[in-house]
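Next up: some structures, all given as structure tokens.
First chain A sits with chain B, and in the next complex the same chain sits with chain C.
Our next item is the complex of A and B:
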């Protein structure tokens, strides 16, 4: 045990989670086992998910796919442990990998060899509701209009991520500034801002978006406006709480007594200390906004067909389509779930590293 | 709260006595201030509700008459609806009427009195929210008890990741999966629809409400179980637990009789808050399962461009949320004297 391990063990003991029994195994064996498990798992997953066992999705195929996914995940974990040591956070790195994949393909979407995601005229000749088959021209299958699902998932990610990330950036800059000012100035400023934030937070996210959608045409700019309105008060609340704590610290007092102006204290003392908390929280806000956008599009009031969005792709599975062709829902559903999961978990891990004042969920 | 709850953080007897004499007046003042804040927040929320619908570009008369009518008709309707009045005057009139229980009438079919329609829809959403919270608590308690009694065990270590996994499944996806597994595969439950409690009796009502409530409950259960688990682990380290164990009390009894109650305060608070949040958070589930609640009302208002209905429904939801939150806050202060002292 080196020093870090001891510290870890102490910390875990302190929160009541003693470190589990350490496995002592030769790393090479772990690596080989990982590779074998990964390969076998992937194969089983593809066999199950691809429906090679028969045309109609049977419970056996589902179970096989599920077991395959679990085995492949275990294999990946072994490989990661082989590469980076026994204490590596497997889930974290797997989800990081997924995020890199999604963001990368979304950013490079126009350069990738993908068919058009929304041109229903061109897709007339394509098979409709084709099942996923990795070795065909539509690896993830097609929808009702014969549009390629892989391409739609990638372009859907492009829309979702762009909108959510811009809204979060707006929330971070506007909400963060307002929150830090409120937490530093206190007094009347703080009261006014706090009341406004409480009033804005009285609306459930989706209700707020729907209220805006009543009067405004569904469009990307409407979505951006709505999601930004959602993101700002969340950031204000956090920035206010953190900066209030930071403002009481000695170094701020020291800066003030050496004659630093408010602006200087704000920029040089408060902001650098508040930013880590805000950024890790932003990951979680991105996840929430992706869900909000998807929900709105699911209801037909966000991004509209034929433009793809994960929400409206999942909506295609309603009215009995899902029962016959589950891939129409499961393909965008899996992408949505993994992305939201990744943002949530990475945000939480960053929070526990950067934000000692982490909320109790 | 019983004395056992506070055993671990009990201060010295002198502190306690002093706090008791000082306690009454600050509590009243604290409540009065909370109430003042509450009124201001409600006013602001109503103003925001009205602005969302009225300040934004877009013309409600187009939604009512349809596009491409002669301009005089729009003008006449604007006149009739009072849309040419100054914004603030309209807001005050609207709020005054709303405070008297009149949210106006909507001309968009099926039309009718907005308050009536909200009052018909509200019980559905309220029941759904209540059932969901109840179900979530029922799921969360055993999970948390198990994890807390085996801290660091296999299940416990998976809990955090599982919690994040579950809350990362959007409700429409979860709902569709539940429909696929429990309706189409087994046929145990109805696909959609609703039976009112008054018309069909409790059994029928619950039969139709179960799946929507379950969809809502899983998210909540994940959050509650983590919260309760952490509080339980903290409580189990208290001296009175050690004393109970030392006296030879069986483990199950220690967990259920001694540890659970003092640990459940955090979960009770969160459950209260989610009751308020779910009142407007059932939109997706109601749409998915075809339930005639507030959520469906709002979705219909949004897709019809029905500003009057939307204003009314959003106002009710926002008021409900703020009121429930304030109640939770006050009862929390009342339940746990530690907080009362800190704040006062």
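Our next item is the complex of A and C:
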């Protein structure tokens, strides 16, 4: 045993975990096990969900698909641990991967070899209500009009994400600015802003959106307007609370006493301290707005058929279609669920990392 | 030190509107600070020390709940009548402040270098590169090891003493004429305290700056100032050169403060003397002397009549007491109270 080994051994006993570069060698066995589990899990999932067992979906097939997904997830976890060490946050990275996949394919949708998502004339020759089959030309199946579901999910993501992200950006910029001003100026400004924001927050969001969608023309811009109106007060409230906390710290007074103008204090002292909280919160707001957009489109007040949106795709399952052809609902439903889950979880992780209450500086 | 005053404060009064009523945090303070003079202000928590220097800087001008009366003249200019343009460069370039807690007085998300160079670029119009050079120079003189590395670090990467040095660097960045140090070492370790104070001393002497050093610790102020003002309940109750103040104090409160400091030379288990009672409620001040309720030599006159600040010794020694300590009147008052008790005085007043 040389000196380094002794030190590592001491540290390992004291801290209870392997330490030092010498002990970082990852067991290859974990990697191999991960790869095998992943492959087996995917295979089982495909077998179960892909309709290989033929014809009508049986409970056995669903169970097989579920078990396959779990096993594949475990395998992926092993692979990640093999690649990045034992303390890696598997769920976080898996969901990050999912978001990259969704955002990437949505951004590159026109470049991908996908059939047209909304041209029902071109899809006349395609089979309608085809079951998902990874080895056919419609991997996720088709809908009533023979439109490819994979293509529709990707273009639906494009619509949902663009609308939600723009609305959140508007909320962040407008709401954040108003909130920080209210939190810094206090007094009358704060009271006026606070009253308006509380009034907006007290209004049921879906009722507000429905009112807007029915009074104005249901269109992408109406949708954007409505969702922005939802996002602004949320950001105002958070920005106000955080900037009030920050403004009480001595460095703001110190900056003032060094001759900084209010604008300067606002831009250079407050904003950089408030921004991390706002950005991590925005992830959660994006999730909420994706759901809001999907709800409106489901009700036919958002994006309208045949243009795809996750909401109106799920709506295609109404009137008994779901019972006959569950994939029509499950495919966009799963995409919606995973994306919202991913935004929520990532936002939460960022929030706990950037929590202003934890940085006692 | 010259006698030419840099700052002249006359009858300064700062009142805060609170739900409890009007709190008179600073109540009629007059004070001058000469060019190159170092003035110490001592007093217990809540005696108005910090509020006094903030009022002196006119930092409360935007606060609707604060009313300020009296005059502050800085180098012949009325501070409270400065235009917005003038005030912008008054703060930072003419006057600057070092704050008590270096943990909160630096912005956690900005690099140290940016925080030091920002005022230089804003007030002195220096280029980014020149300001950085000047900041490095300042850090070297503040005795910071590896300044080239430190300047690009964030506050949380530095120790408390190091951070306070950085806060001093920020305050000194534009070479102000007057430096206000509001308990600059209270949040620090005792060993670091002395380093920081000596450093501050040296830098101030090098630049011939005037200083107002606030502390609740007489030991901090003793060797480092040319004049010490003792504050109590928003008033200056005694002011003298430190040597004189420590030997021939006139105000009973000064005596209380001095006696309540623990001494290294004292025998073991010596009982620490304290000033009994609490300072008066600043929202409901008594008509007479504010220290009367805690004073061992209080007399009926003290409860009725507020003592003015009058000459009490050589070289500008002033004190606000009807029965100053060490004078025949004061000794007699103390003697009388020893015989009949302080309670008798209060009873006499009531009847």
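Convention: the second predicted complex is superposed on the first by the 329 of 361 C-alpha atoms of A that agree within 3 Å, B and C clash if a C-alpha of one lies under 4 Å from a C-alpha of the other, contacts with A are read in each partner's own complex, and residues count from 1 in each chain.
Throughout what follows, a residue touches a chain if its C-beta (ideal position, glycine included) is under 8 Å from a C-beta of that chain, and two chains touch if they have at least 3 such contacts.
No experiment lies behind these values; they were computed from the predicted model shown.
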Fit or clash - chain C, chain B, common chain A: fit
Touched partner set for A:187, first chain B, second chain C, both or neither: second
Touched partner set for A:329, first chain B, second chain C, both or neither: first
Partner chain(s) touched by A:254 [first = chain B, second = chain C, both, neither]: second
First (chain B), second (chain C), both or neither touched by A:113: neither
Larger contact residue set on chain A - chain B or chain C: B
Touching partner for A:85 - first (chain B), second (chain C), both, neither: neither
Chain B versus chain C as contact partner of A:273, first or second or both or neither: second
Lowest inter-chain C-alpha distance for chain C and chain B in the superposed arrangement, angstrom: 10
Chain B and chain C contact sites that coincide on chain A, given as residue numbers: 360-361
Contact footprint of chain C on chain A as seen in their complex: 187, 249-251, 253-261, 264, 268-269, 272-273, 359-361
Of all residues in chain A, those that touch chain B in their complex: 12, 15-20, 59, 91, 195-196, 198-200, 202-204, 206-208, 210-217, 287, 291, 294-295, 298-301, 311, 314-315, 317-318, 322-323, 326, 329, 333, 336-337, 340-341, 344-345, 348, 360-361
Footprint of chain A on chain C - complex, ascending: 57, 59, 64, 87-93, 96-97, 99-101, 103-110, 118-119, 122-123, 155-156, 167, 170-171, 173-174
Of chain B, residues touching chain A in the complex: 37, 40-41, 44-45, 47-49, 52-53, 56-58, 60, 151-152, 154, 156-157, 160-161, 163-165, 167-173, 176-177, 179-180, 184-185, 223, 226-227, 230, 233-234, 236-237, 266, 277, 280-281, 283-284, 287, 298-299, 301-303, 305-307, 310, 314, 317-318, 321-322
